[in-house]
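Shared chain: chain A. Partners: chain B in the first complex, chain C in the second.
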Partner chain A sequence: MIKIVSASHYLQPVNDDAALTSLESALKDLCREPFRRIDRFIQLALLGSASCAAGRKLRPNCGIYLGSGLGPIGNNIVTQEQLIRDAEIPKPFNFINTLGSSAGFYVARNLGLQGQNFFISRRGASLQAVLSAVMADMLLGFVTQALVGAVEEVALPLGTHRLRQHLPQDILLAEGSHWLLLQSGAGDSRSLDLQRFAEFTALEDFLGSAWQAGDRLCCATSMDNRVADTLRQGFAAGALPDADGAFHDSLEAAWLAAFAAGSEPGNLFLVDGHRQRGWSLFHLGA
Partner chain B sequence: MAGAYIRGVGLSCALGEDSESCVSAMQRRQVQPVRLRLDEFDEPLLMPYYRIPDRSELFDAGRFERLLPPVARAAVAQAGLTTAEIRRLPMFIGSSCFSIGLSESRYATALTQQPETAIPMPLCGYQDIAVILQRTLGCEGDTYTYNTACTSSANALLAALRMIELGWYRQALVVGAELANRTTLAGFSGLQIVAETLQPFDAARKGLLLGEGIGAVLLSAETDSASRLRVIGGASNCDTWSVTTANTDGNSVAKVLNQVLHQTRVQPQQVRGIKAHGTATPTGDAAEARGLQQVFASLPPVSALKPHLGHTLGACCVNELILYAGALLRGFLPATPGFETPDPVLGVYPLKTMDAAPDGHYLLNHFGFGGNNTVLALEKTAP
Partner chain C sequence: MMDREQLKLELKQMIIKECEKDLRPEQIPDDAILIGSQGSLALDSLDALQIALAVKQHYGKRIDGSNQTRAALTSVNSLADFILSDAAP
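And now, the complex of A and B:
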């Protein structure tokens, strides 16, 4: 049995005329040492992971599974401007921080962890990728405790950030850092499990048997709209908090972490999939 | 542990543009790096570089589109998958560059043509390799893209192995891809760890040489009569001593090696050979050597393959696995060109000449920026 021991949820909409919220003060309280040469993506990862782990002594071999669609985009922009526009060799810390694994390094260092440390991406579905990876490792017994997060950074100006992602210019953007602390074993906290189905009808049948009044259903943003609508109609799903429709590339993480961090009763089901690759059902137990 | 069989491979690197010719070229110690010169900086950037011997210009924006599909197709074709299996095939991708080279090209062009509207990082995210491969192979399965620096494709392979063992997938395509780009070349130059010659574990080692390469491995739960190689396990950990290298005391390296041996129930004395990470940086080799010394009372034969193809960074695991596996199947352990003078402090003496490769167990080491250490175990069985 995999349990969600704690969760943290940071979702900050970014307005067109505003600067990004400073994270420095929050990090001073959460980090055990003042890290230099870190970028905003690393700051967001530290903020979310430290909040999730606050007040707990993690096992040294606790795994870190960090997902992101865009990664450290702000630092990557600075590095590319140095290199291409200014014809300068990138500064060493800018270059090193282009790697997704740098954020996991600082998270591990801040929390004193030495276990597996992975950065995994799947555009529009990074949470599903990291959850699949961590659950495989936990089911096989390679990991008994894991911090699982999704981090998405916004780089100003917003118009350009939308262009890069081929998003409409009127969409509200958000930054996010959403984390779950998972642990193998029994306990009172919510459970997390993953069911995989080759056929859609099998998924529907399973949901039909498991569904209870008050449960929530999320359809992944990457799913076919018609299939998602079929499910939503069939299971009369309640809406989840989504910060007034603000978007980032790992919205599923925002939904799950908000639900796990809250005190609502009932189950949450997250569905993702495709008729060719099959269907995944992530289930946060009541 | 059931493990997963290697049913197909494809490779394109400095040694050649198919896996068999790459292994042959490695056997003959045939390849030397080319000399690169980038003139756009105040001081020209000069370095040796192991490039894929295709005819295109090194920074040609279309190289990924041209070079990726044939490598993946070769691995899939060798495994003899059905059309339905290919359509469902999941992909596990490891890279540290992704489409950064294409992004650089587009930004540079925009700065020249329309500087006022030029956008840095016009391409963002990590999906492009998966998109190209899915489109050209006709796959629609799950994709997992790993970016953990030089362990990227090792961690991708480890995840594929575990999901196959769980029965989630019957087959998986693991791809490592690293092509020349200015960010990597200039970035490593700025770190001042690029040398003129690549001499792993040598007393005179001064640093690494970069290379490019694309490798693909088709892993399968099922064997066939030709499958003699099986990935039987692997482990990964994080060393937070420094963001650029494992602790030179070797403790985190020893720990991950011991995890793999414990997990696969292989005793140190049963290991027939080790494919070292062997970057030839002073601290990287020191950490690896001290870790090996802690685990092995008597070291099995060590091969460091980067002198044959350069350090292909996020792709190095898959690329070097294919070369090492190819050598094992031909019955030899690869030599390590560039290793001449033993470093008594390290006590690791890679093979100067090829040696025989018996059936049995082999370990493959990978270490990367961000504190990532990943070791895989391979078993070679009799025909």
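And now, the complex of A and C:
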């Protein structure tokens, strides 16, 4: 059985091109050493992972599974501008940090971890991608403990950031760093499991039989709206409100981490899928 | 002709900025070894690349892989000498 030992949840709405919230002070308190050459995306990853691991002694072979929809977008823009607009060789620090896995390197170094370290970029489903990977590895015994996170950075100006993602210009954007510490074995903490269904009716039937008063439901942002609405209507009492009305590409991670970090009773079900690909149901136990 | 002392101050400021070192210019001696663990700044090869690119951008001088130009990265003194030298950029 996979257990959620701890969780951390950082979601910061960004208003109208105001400067992004400085993370320096929080990182000074959370990190074992001051890091050079890190960008905003790495700062967010360090902040969330260190908060999730705070006060816990992690196993040296604890795995790191980091997902993101947009990845280190700020650094990517700077590097592309150096390369294409300015026709210059990109600065080494910028170039290296365009790799999403740079963030995993710093997270491992900060927490003293030497286990496997994955970065998965998947628009609209980064958490589902990393959860699928880590759960497979844990069930096969490749890892017994893992830090699983999703990080999203905002690159100013906001109008361009919205345009880049094909979002309406009035949508509130947010940055986020959402992490779960998973461990194989028994215990009192919440469990995490994943079930897959070929047919939507099978998913509905399962949810109907498993559902208890006080449970919560969320539908992945990439799901077909009509299908998601059908589910939300069926389980209206438990439909999870959106995260402060703010959007980033890994909102599913925000919902799960906030729920796992909180003290709300009941189960949380996260549904994702498509009629042709089948359906996934992530279940956080009570 | 560029003033050598002014240039050395600029180079120290550039090294601090480019390599994100928490130092003040006066804390970097002119002859301090810049790259490698024996130097007090403990800069590495990635820092060397970062400095080389900044020198190219600011002073138009290219530090390539040859021993002669690589030696320019030994210290602030050698970097200033390299920039002030007549060698073609």
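Convention: the second predicted complex is superposed on the first by the 279 of 286 C-alpha atoms of A that agree within 3 Å, B and C clash if a C-alpha of one lies under 4 Å from a C-alpha of the other, contacts with A are read in each partner's own complex, and residues count from 1 in each chain.
We adopt the following convention: a residue touches a chain if its C-beta (ideal position, glycine included) is under 8 Å from a C-beta of that chain, and two chains touch if they have at least 3 such contacts.
Just so we're clear, the structure is a prediction, and the values are computed from it rather than from any experiment.
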Fit-or-clash call for chain B and chain C when the two complexes are aligned on chain A: fit
Counting only touches as set out at the top, which of chain B and chain C does A:165 meet: first, second, both, neither? first
Angle at chain A, chain B to chain C, CA centres, as a multiple of 10°? 60
Output check: A:36 vs chain B and chain C. Expected answer is one of first, second, both, neither. What do you get? second
Name the contact category of A:92: first (chain B only), second (chain C only), both, or neither. both
State whether chain B or chain C is in contact with more residues of chain A in the superposed arrangement. B
For the combined overlay, can you note the least CA distance between chain B and chain C, rounded to whole Å? 6
Which residues form the common part of the chain A surface touched by chain B and by chain C? 88-89, 91-92, 96
For chain B, which residues are in contact with chain A within the complex? 40-42, 45, 87-88, 90, 96, 100, 103-104, 107-108, 111, 118-127, 130, 140-149, 151, 155, 159, 162-163, 165-166, 168, 182-183, 186-191, 235-240, 243-244, 252, 255, 263, 368-372
In the complex, the residues of chain C that touch chain A are 18-22, 46, 49-50, 53-54, 57
So in the complex, the part of chain A that touches chain B is made up of which residues? 61, 64, 69-71, 73, 76-77, 79-81, 83-85, 87-92, 95-96, 98-102, 104-105, 108-109, 113-123, 129, 132-133, 136-137, 139-140, 142, 160, 163-165, 196, 249, 274, 276-278
In the complex, chain A residues that touch chain C: 34, 36-37, 88-89, 91-93, 96
